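Listed next: structures, encoded as structure tokens.
Shared between the two complexes below is chain A, which has chain B as its partner in the first and chain C in the second.
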Partner chain A sequence: MELLKKLYKWIDVRIGAGEIVEKELTGYLLPRNINAWYSLGSVLLFIFALQVVSGILLLIYYVPDADKAFKSVTYIMNDVPFGWLIRMCHAVGSNMMVLVLLLHMLSVLCMGSYKSPREFNWLTGFILLTMVQGISLTGYLLPWSQLSFWATTVATNSANAIPVIGPHLVEFLRGSKMVGPATLGRFFALHVAVIPIGIAAMIGAHLFFLKRTGVSTPPFGRDGTTTPWTGDAYRYEGHPGGIPFFPNYALEDLRSVFIYLALFLAVVFFDPYIFFPRDAFLPANPLVTPAHIKPEWYFLANYQTLKIFPNELIGLSVQGAAMTFLALLPFIDRGRERHPLKRPLFLACAIGGLLLWIGLSVWGHYS
Partner chain B sequence: MDNNGRRTFLGVCLGGVAAGFAAAVLWPVYRYLAPRSGSGASAKVVISEKDVPEGEAKFFEYAGSSAVLVRKRGGELVALSAVCTHLGCIVQWEKDKQDFLCPCHAGHYTPDGVVTSGPPPRPLPKLPFSVANGAITVG
Partner chain C sequence: MMMRRLFTGLIVVFVIAMGCGAVQAEDTVCITCHSAMEGKYGEPVKLWKGSIHEENGIACNACHGGDPKDAPNAMKKERGFLGAPKYNEVPSFCGRCHVGVLKDYLASGHGRALAAGGPNCVICHGSHQIVKASLELINEKSCSRCHSYERAKLIKAAMQETEGNIVAIDGRISGYKQTGTDVEKMEKELFATRNRFHSLFHNVDVKKVTDESAGIKADLKKIENSLTTLDEQKGRRKLAGAIAVALALVAGLLVHLLRKTYE
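Right after this comes the complex of A and B.
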């Protein structure tokens, strides 16, 4: 301990580490009535880090070549010691990341934390959601299984509905007329380089906005520590008399991370194939389309929406309108009230939208 | 137990749990990254005698590394590791000079693997082999 203290002192006198710790950790005060939902952001950071590490480990054995990709994944699963664990962590982790991200968004919606002056936080968060969907979609193709191949065929084909440029866009996305080796190359580059860099940059922006605007006060319970924003000038929403981030809330974050880890590892060890239908174990065959090919659970609502409309363009437009509405929500919902029970219209829309999404997903699953 | 004792006890317990957790994470990662033990190490390599004419050398993979069979003028066979003992480059057979040259730092070896010039500190290791029915079995 003495040695650690000496080392800390040695660093502190050179770069002023103590000042940073005081400003960003022990002196960084949060609302007294902060709740566990606020720790979902930290859980998401942890998941992203885990995805990056497991992804780098997979890169050591994975071969992004249409003739070798499936074999390399089979090799990782069956022959490399603990290869199954690394791959399962990556595959299950991607699903969990979407799930936790949706929960994070839901909590922000319910607590009205997206409202002024946090439009940037919401927008960067929304972009992160679309990027996570993108990284999941591109990663889905990489094992080059029947499921990968045909799910990507169906997903890329939906762009065909866009007038005039649709067919060209599909070919551009695939790198060829059909899904093939060219598609694997570009999806691989997107999955391991372009989108992760984009996500990291967007996380940076998200945290920057959080630090500049300050943590929102939960609308539940009494706080009395907030200095509210009035809209006339920039003002950091501080919480004098609040609880310090370190060690108080950092421990709360850690607790949430461990609860997440317990659930995540329960899936990895006890039901790892929950996200793997039968076609995920067959190598891609461009000449044989399996029956009832379905996308991942979080795209099922989109899939079903495309099916229920007689025209694909209408289906796509409805989805585009819904996504645009969600992205621009802070600019549409301008009321100051943040307590969900005091916003009946919002609550009705939110519950209705959620039920509709769940209903479409279930319908898509069984259709 | 006083407060300090309890604090130390809890700290040690927490440290132990953290160490166990770290080991549970690092061990699979280490095993995942570690080279596969015994991959090809015990495999024997069979080469036809016709592939190694007098005065020539035949390079091949053996036990996860590079090896060479050379038939000296006069017909004697020698099996050697082809990895230079200086910094691990692969030696080349110089047919006209009947010796091995390491192209990295100009180390020279005789066909028996003995260092004749340059920086290599040791001779090339010899490999066991047997000849039967026109086939050379190395290993």
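Right after this comes the complex of A and C.
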């Protein structure tokens, strides 16, 4: 203990560690009425870290070659010590990351935390959602299974609907006319390098905006500690008299992480196959098209939207319009009120949109 | 000798199956034209759909030859079109792929009677609606068309238990395959054992069937043991999972209580 104190002092006198702890941890005050939904950001950070670690471990044995990829994954699952656990953590983790990210966004929507002055927070969060979808899509191909191959064929094919550049875009995405070794190469590069770096950078930007703007006050309950932003000049939304981040909210974050971990491990150990259809364990065969290839659950609504319109361009345009609307929501919804029950139009649209998304997903699953 | 013959047969089947895969079964011009036809010209397509051949991508041209990509010339002899074989030619027609089965058949009572009008392959297996060979093929209705069912019944009874074992093991292997478990070795062993077993289908010697079945049962037991090892491993993993989930929940509870102390 004495040795640790000496070490701390040694560091403190050099870099002012105590000042950082005071400013960023114990002196970093949060609204008194902050709730558990705010901890989903920390849960997401934990998930991302777990994905990076499990991904690096998988990289040791995974071979990004169309002739060897499936066998290397089979080897990981069956011969590498705890390889099955690492792979399942990575695969289940990617699904959970999307799920928690959607919940995080939903809580931000309901509590109006996307509103001024937090447009940047929302935009970076939205970009993170698309990047997470991108990393999931590119990762889907890597096991080189029937599911990987055909889901990627269907997904890349949808770009064909874009006028003029569509066919060129499909070829650019695939690296050839058909999904093949070139597609695996570029999806691998995107999955393990380009998108993770992008996500890390965007997480940095998201946290930077969070630090500069300050944590939003929940619209529920009384806080009374906020120094609100008025729009005339830059002002950090502080919470004098609020609760310290450390240890109080850090423990709340940690509790949420453990609850998530319990849920995650239950899926990993007891039924990870809810995320793996039968074709996920058959090697890719470009000559045999499986009967019912479906995308991952979070793309089912997009998939069904493409199917219900008479041509794919309309389907793509509708999706593009919906995504643009969501991305620009803080610029469209300019009202100051943040309590969901005092925003009936917003609440109706949000519930309607959510039900529509769930309905399309269920329809897509059974269609 | 038997094993070597079986493996030769398997290799031939795989090579032909791979070759057939070069054109997707549904995409052949044979299917396109014949599925639109009525009567005996359209019937084979309907029968073929749902067959074991369709399931494995074995299209019309794999048996009948011809060019599956060129409609005007698809049925020209110079493109390798063979047409339908004559009655006595059917065994050698099917035997191009099913090499081992052909030998078993020719050595059997059925095969020896072929020249005298005995049954060829399609009498029992059908010509297009061919399903995976199983004991169901031996039944009173089918056998009684030509002879009494008595001996066939005895043979079927001797094979029943083994067939049940094979089906059960196949189901367990499929279950593990759907979890990413490497079952290739077990699949190959079962495939070889099943073929050995199915070679008995053409035999009409009850004693031989009974003796051979004992050896096959022993081989099946080995596969069952491997599956039991996998079952045990699965159980251990679930136990470890339950402990991990419990630890995470306990940690969450402790952190929650600690958090309360700071309020």
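Here, the second predicted complex is superposed on the first by the 367 of 367 C-alpha atoms of A that agree within 3 Å, B and C clash if a C-alpha of one lies under 4 Å from a C-alpha of the other, contacts with A are read in each partner's own complex, and residues count from 1 in each chain.
The rule is simple: contacts are C-beta pairs under 8 Å (C-beta built on N, C-alpha and C of every residue); 3 or more make two chains touch, one makes a residue touch a chain.
Model, not experiment: these values are computed from the prediction.
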Residue contacts on chain A - larger count, chain B or chain C: C
Partner chain(s) touched by A:320 [first = chain B, second = chain C, both, neither]: neither
Which of chain B and chain C A:266 touches, first, second, both or neither: second
Touched partner set for A:78, first chain B, second chain C, both or neither: second
Touching partner for A:252 - first (chain B), second (chain C), both, neither: second
Partner chain(s) touched by A:167 [first = chain B, second = chain C, both, neither]: neither
Which of chain B and chain C A:221 touches, first, second, both or neither: neither
Which of chain B and chain C A:289 touches, first, second, both or neither: second
Chain B contact footprint on chain A (complex, rising order): 57, 60, 80-83, 85-86
Complex contact set, residues of chain A against chain C: 73-74, 77-79, 84, 87, 247-248, 251-252, 254-255, 258-259, 261-262, 265-266, 268-270, 273, 276, 278, 280-281, 285, 287-289
In the complex with chain A, residue positions of chain C that touch it: 21-22, 24, 57, 177-182, 237-238, 240-242, 244-245, 248-249, 251-252, 255-256, 258-259, 262-263
Residue numbers on chain B that touch chain A, as the complex places them: 28-29, 31-34
